[in-house]
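Labels for the chains are A, B, C and D, by order of writing; each one numbers its residues from 1.
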Amino acid sequence: MRKRGAGLMVGAGNSAAGGPVATGLSRIFSRLGTAAVAERLLVVVGLAAVLVGTLPGLTAVEDRLLTIGCVAVALAFGAFYLIRFWPSKAQPRRPLSGTAIIDLLAFLPLPLALVAGMSGADARLIGILWALKLIRLNPALTLLWRVLRSERQSLMSVTTAFLVVTLFASTIAFVVERQAQPDAFDSMPAALWWAVTTITTTGYGDKIPVTFAGRVLGGIVMIAGIGLFALWAGILATGFAAELRRREFLESWDLVVRLPLFRNLGAGALSEIARLLKAQSHDPGGVIVRKGQPGDSMFFIAEGEVEVHAGAARIRLKPGQFFGEAALISGAPRNASVLAATATRLLRLDVLEFRDLAARQPELLGIIEKEDARRKT
Amino acid sequence: MRKRGAGLMVGAGNSAAGGPVATGLSRIFSRLGTAAVAERLLVVVGLAAVLVGTLPGLTAVEDRLLTIGCVAVALAFGAFYLIRFWPSKAQPRRPLSGTAIIDLLAFLPLPLALVAGMSGADARLIGILWALKLIRLNPALTLLWRVLRSERQSLMSVTTAFLVVTLFASTIAFVVERQAQPDAFDSMPAALWWAVTTITTTGYGDKIPVTFAGRVLGGIVMIAGIGLFALWAGILATGFAAELRRREFLESWDLVVRLPLFRNLGAGALSEIARLLKAQSHDPGGVIVRKGQPGDSMFFIAEGEVEVHAGAARIRLKPGQFFGEAALISGAPRNASVLAATATRLLRLDVLEFRDLAARQPELLGIIEKEDARRKT
Amino acid sequence: MRKRGAGLMVGAGNSAAGGPVATGLSRIFSRLGTAAVAERLLVVVGLAAVLVGTLPGLTAVEDRLLTIGCVAVALAFGAFYLIRFWPSKAQPRRPLSGTAIIDLLAFLPLPLALVAGMSGADARLIGILWALKLIRLNPALTLLWRVLRSERQSLMSVTTAFLVVTLFASTIAFVVERQAQPDAFDSMPAALWWAVTTITTTGYGDKIPVTFAGRVLGGIVMIAGIGLFALWAGILATGFAAELRRREFLESWDLVVRLPLFRNLGAGALSEIARLLKAQSHDPGGVIVRKGQPGDSMFFIAEGEVEVHAGAARIRLKPGQFFGEAALISGAPRNASVLAATATRLLRLDVLEFRDLAARQPELLGIIEKEDARRKT
Amino acid sequence: MRKRGAGLMVGAGNSAAGGPVATGLSRIFSRLGTAAVAERLLVVVGLAAVLVGTLPGLTAVEDRLLTIGCVAVALAFGAFYLIRFWPSKAQPRRPLSGTAIIDLLAFLPLPLALVAGMSGADARLIGILWALKLIRLNPALTLLWRVLRSERQSLMSVTTAFLVVTLFASTIAFVVERQAQPDAFDSMPAALWWAVTTITTTGYGDKIPVTFAGRVLGGIVMIAGIGLFALWAGILATGFAAELRRREFLESWDLVVRLPLFRNLGAGALSEIARLLKAQSHDPGGVIVRKGQPGDSMFFIAEGEVEVHAGAARIRLKPGQFFGEAALISGAPRNASVLAATATRLLRLDVLEFRDLAARQPELLGIIEKEDARRKT
């Protein structure tokens, strides 16, 4: 999976840095994308101002300063929004997509509320909407979303069961406890609150059954709660396994079809290979393989170039070439470091899958071993 | 899986609506079935009346109005029951099946209790039985039920272990804490209550061990509780994976055998294909594929018809035909929207399974690619 | 899996009962085994006496009666022990196996404690050891045990991580909270108690951090606790899936090799078939298939005999024969009920596995279809 | 998997002990490695001193004694460090690896703090760093680590979702509760504390919503918390299954390639066999198979030697030989005990996998059955 915030890098530099510190910094920046870094920083600073602004005992000056700070953050997000969605011929962007709405919410409501006469202390609370940016900046949440969507029927069933159990439990608790504790269990809504805190095993302790029947009921509700939780966990575990398998296949299929090594294979063999390889991305300067470390995988270059540091020598490898097979075949530690020279996408072949591939595609194993022998001489 | 409440649609219209709003409304109604919608609404209204009716400080007028409302809901459910189970030649229905009993419980007990002289406030509590309707209206609960039944032995083992641990923990707690806290741990039942709230990690805080031995015991009980919960989750995850696989196969096998495309294949090949395809249902007017969106699946029509909206053109596809293969083959976004023209059952083939199928049934891939080429010209 | 308490049936009758009630009762008795039923009943009665005996305010008479009752239960367990482990030529039993020790603990300690001069109230508490019988009577716990044993390394790792996190959390809590709350966090053991109740998310509320640093720490500990629990659940889910697969294979392999239908198949084919079939047991009179119900499985008889109730006719099927294939092939409801005539062991073939088998063993499918056609005529 | 602390055995004896007690002791020592045993003991003793040292009411003498004890433990760890990392030609060790840093932290900081003038009571708290040794001594934690690393993206997504939900929940709780409970919900940080204790279902009960809106929010937060936990559990279950499979394959591949029995097989067949066999280690004197017990696995010797105790006879088996196949083939109990004569690595073949292997490698089955027949005569 691409490790950067998807499509958000406004000025991410690709500079091949000189010294190790510069390399480190450049890697951090290029990995996150400078725009994404700035946005995340603004979110953190803004949310801190929102939180601090609710502490009791702020002076009028502090209150004003915090309001100014929050407005500044909102305006900065406005600037981001304008840069990103400014109409341009080259890349027309939809200003009302989900992403754009999150960006708008981070920018407009706070100043508008102040203009409409809301007090600074209340208007600053609107800044909590900035937290939505964290969701937009996290590309892996789409995976979560797909799992929840594909398992929604089972999850809803468990939720329905949860609802019905809670309703019945609160009715029984209301009936058996209302005489013993007329204050705590004075109505069904009160009993419902007890049932929900109990079935989720939260157990605040503000309402506790005291009758024998109430305690037996309480025990049953707690165990039912654990069971419902376990059901959810079971459903989601199943969904995750399926969705991850699908996603990894899509990513590696994408790259496998472009490798010349696999070009004259049929769709069936390609499908098998795509199932065995795993896609991974590296930013320029990133270390892929470190000399002396144990190695249990080899790599095929799908995009970009890598640099092999064997002693003082520097060897460039281009898309379609592979490396790291020596450690895989012999089990010895890596005999050279390999760094990404440009932004690189690789297909990793782990040892377990290598054995599998060797069994199913012996001719491929032959190519790899011939190349390995050639390199050793 | 069929997305409607199974077999409950009394008057669900199949009208192909004109404008988009009408389409939307018609979709909502036909998806849920008007009768099911009405029943769910009644359940929600009725339960709200039951909850509100327990609040302290109701006036006599409010009390009477709520009772009348609850009786009205019960009578409405009675009407539903009569309509559904009225003896008819065409579809004889069993008036004492599980479903019918839930419907009877929603209807008879409340009026009977009032007739028998119960106070309105108490009789209204009987309305909580309406919640059972939510279970009957949820077809996916049968899946839950099958999982619980197939894993009942393992689940019971964990429950037995839970029981034994709880009993021993409460005995030890009783012995070590009764001197330090004669009030809180005055008997084994009191110690059991502590053990249950602790092993389920509810932790009300009404009984807390204070001796050193009691606290060590408490820590062990908490960790044991987490372990038991984890065991349950593990068992249910395993059961769910198996049951879902079985269910999906059954649904798609049902449709695969009817497709002419697969007619001259052997049972083995059919079984493989049924494993790869996933069944899904659409109501008339439902959007199956939206133009411009990324597409990673193709569809075979098993039942009903769909309409392809390519620009201004409208193309009807009938059972046995397929669509969406262009995006799957080329990886480009969808080049047309496809809507369900009638109630439709489709077999979806996702990209991962498409590659698999292409490898195992190359002749099928040939058919799909030929059709794709034909459509493009 | 055999559904009876393994090897405990002293007098389980095999009487083919007349009326439906008698059949029901005989099924219950033969399923549990009368000895096992009696033992379970004694355990429940005994434990109830132990619990009641700790309630405050018992009179001297009640106290004595309860003591006599508990001694009686212990003596009854002694009688069971003697019957079971009485040295006999036919079946020599080891009087010091795990099972025997549990039986001894249920019998000896309580009377010995009374003889040694312990008060009745204290001696009765020893009766809690009877709960161990529930474990011995539950054959499925060995499955749990195997899973825990095979995953013990991973589980221990998580437990070590849990220990280290708890120790560090309590040290930090002690340092940051001891000034603010010198009473609640007066020592590391007190802080440890807080850490354990928090990391297990029990949250009694008797010790709560109040400083900012303490609350940040508390939040981290809670989330870490959820993560550790999730790790355990993940490990156990993996272990359960593997162990269940292994166990089901063993059970069905055992029966498959004895079926004449499969006799002339090689080890490979047998292994495949054993993987697809599932073993199940029925007591005499048990209903295997009910007429009119939907059917998605067929059965091979491995041991015992079944009776097909087709209208008024009664057809006996013997080991090696199969039934239920009609519903599987046509998808129609069951056209006859089938009951176990004697204690029966069957191999169930579900529809998903049936398709699989049909693909891999076409000649077997031929046999089944020929027999099905013969029966229909 | 090797059961010893990896690479820590300084003086683990390989003495073939005489009597059973001596054998037991020698097994315990050789299994753990005497150095590892000593270190673990020191950690336990040291941590106990740290905990006891924080109890209120210690006399000056006790305080001094505990400080001396802690310094002694730190110095002992210093000695271990020097022995282990003393520069030697034979095995150069890196004194600043992760392991070495943990060892240094266990040794230097405590004496340095005392020298710098910290009080004994405070300096002893530094001893909590010794707990890190438990992590270093636990080789299976690397497995945990790999799982967490490979699933880090999904786990981080859930954590982000958790953060955003918590932030929004605390804002809403602050808004709806601040009028009703100005003390408990006086600021956003206070509301955040409530949200975290609620979403993790800890539920201390120090802050409890009292308004209707607050309680509805509370219920939603609790259920969201359970869902997030379930997501984590699902992700980790998936990751564990993949990682365990990979690890077991690597271990058994390592041994399979060295067995002469498999030498003339191709890479594909070897890969299949490595997938079916499971590696396990035994220390000298360890019982591998016990006579009379049910047996459902056979063993191939990869390293070391074993001794078969058939009656009074002692038969030595060497690497490349196998045993235990009789019970596997006939289903009878083990007819002999087998003990490890030296440190031994075995490949275990369970019955389920045996059937599989027999189907795929019939010639291998032939070899095993021929050898079995030879042994029986």
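Rule of thumb we're sticking to: a residue touches a chain if its C-beta (ideal position, glycine included) is under 8 Å from a C-beta of that chain, and two chains touch if they have at least 3 such contacts.
Note that this is a predicted model, so its numbers are computed, not measured.
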Fitting chain C to chain D on CA atoms, where both chains share a sequence, rotation angle to nearest 5 degrees: 90
Which of B-D and B-C has more C-beta contact pairs: B-C
Distance-maximising chain from chain B - centres being C-alpha averages: D
Duplicate of the A-B contact set - from A-D, A-C or B-D, the pair where over half of the pairs recur: A-D
Distance from the mean Cα position of chain C to that of chain B, given in whole angstrom: 28
Between chain B and chain D, centroid-to-centroid distance (C-alpha), Å: 39
Of all residues in chain C, the ones touching two or more other chains: 189, 201-205, 229-230, 233-235, 237-238, 241
Complex interface listing, chain A residues touching chain D: 1, 47, 50-51, 53-56, 125, 128, 131-132, 134-135, 138, 140-141, 143-144, 147, 159, 162, 189, 193, 196-197, 200-206, 228-229, 232-241, 244, 296, 350-352, 355-356, 358-360, 362, 365
Sites on chain C touched by chain D in the complex: 153-154, 156-158, 160-161, 163-164, 167-168, 171, 174-175, 186-189, 191-192, 198, 201-205, 208, 212, 215, 218-219, 222-223, 225-227, 229-231, 233-235, 237-238, 241, 245-246, 249-250, 253, 266-272, 274
In the complex with chain A, residue positions of chain C that touch it: 201-205, 230, 233-234, 237
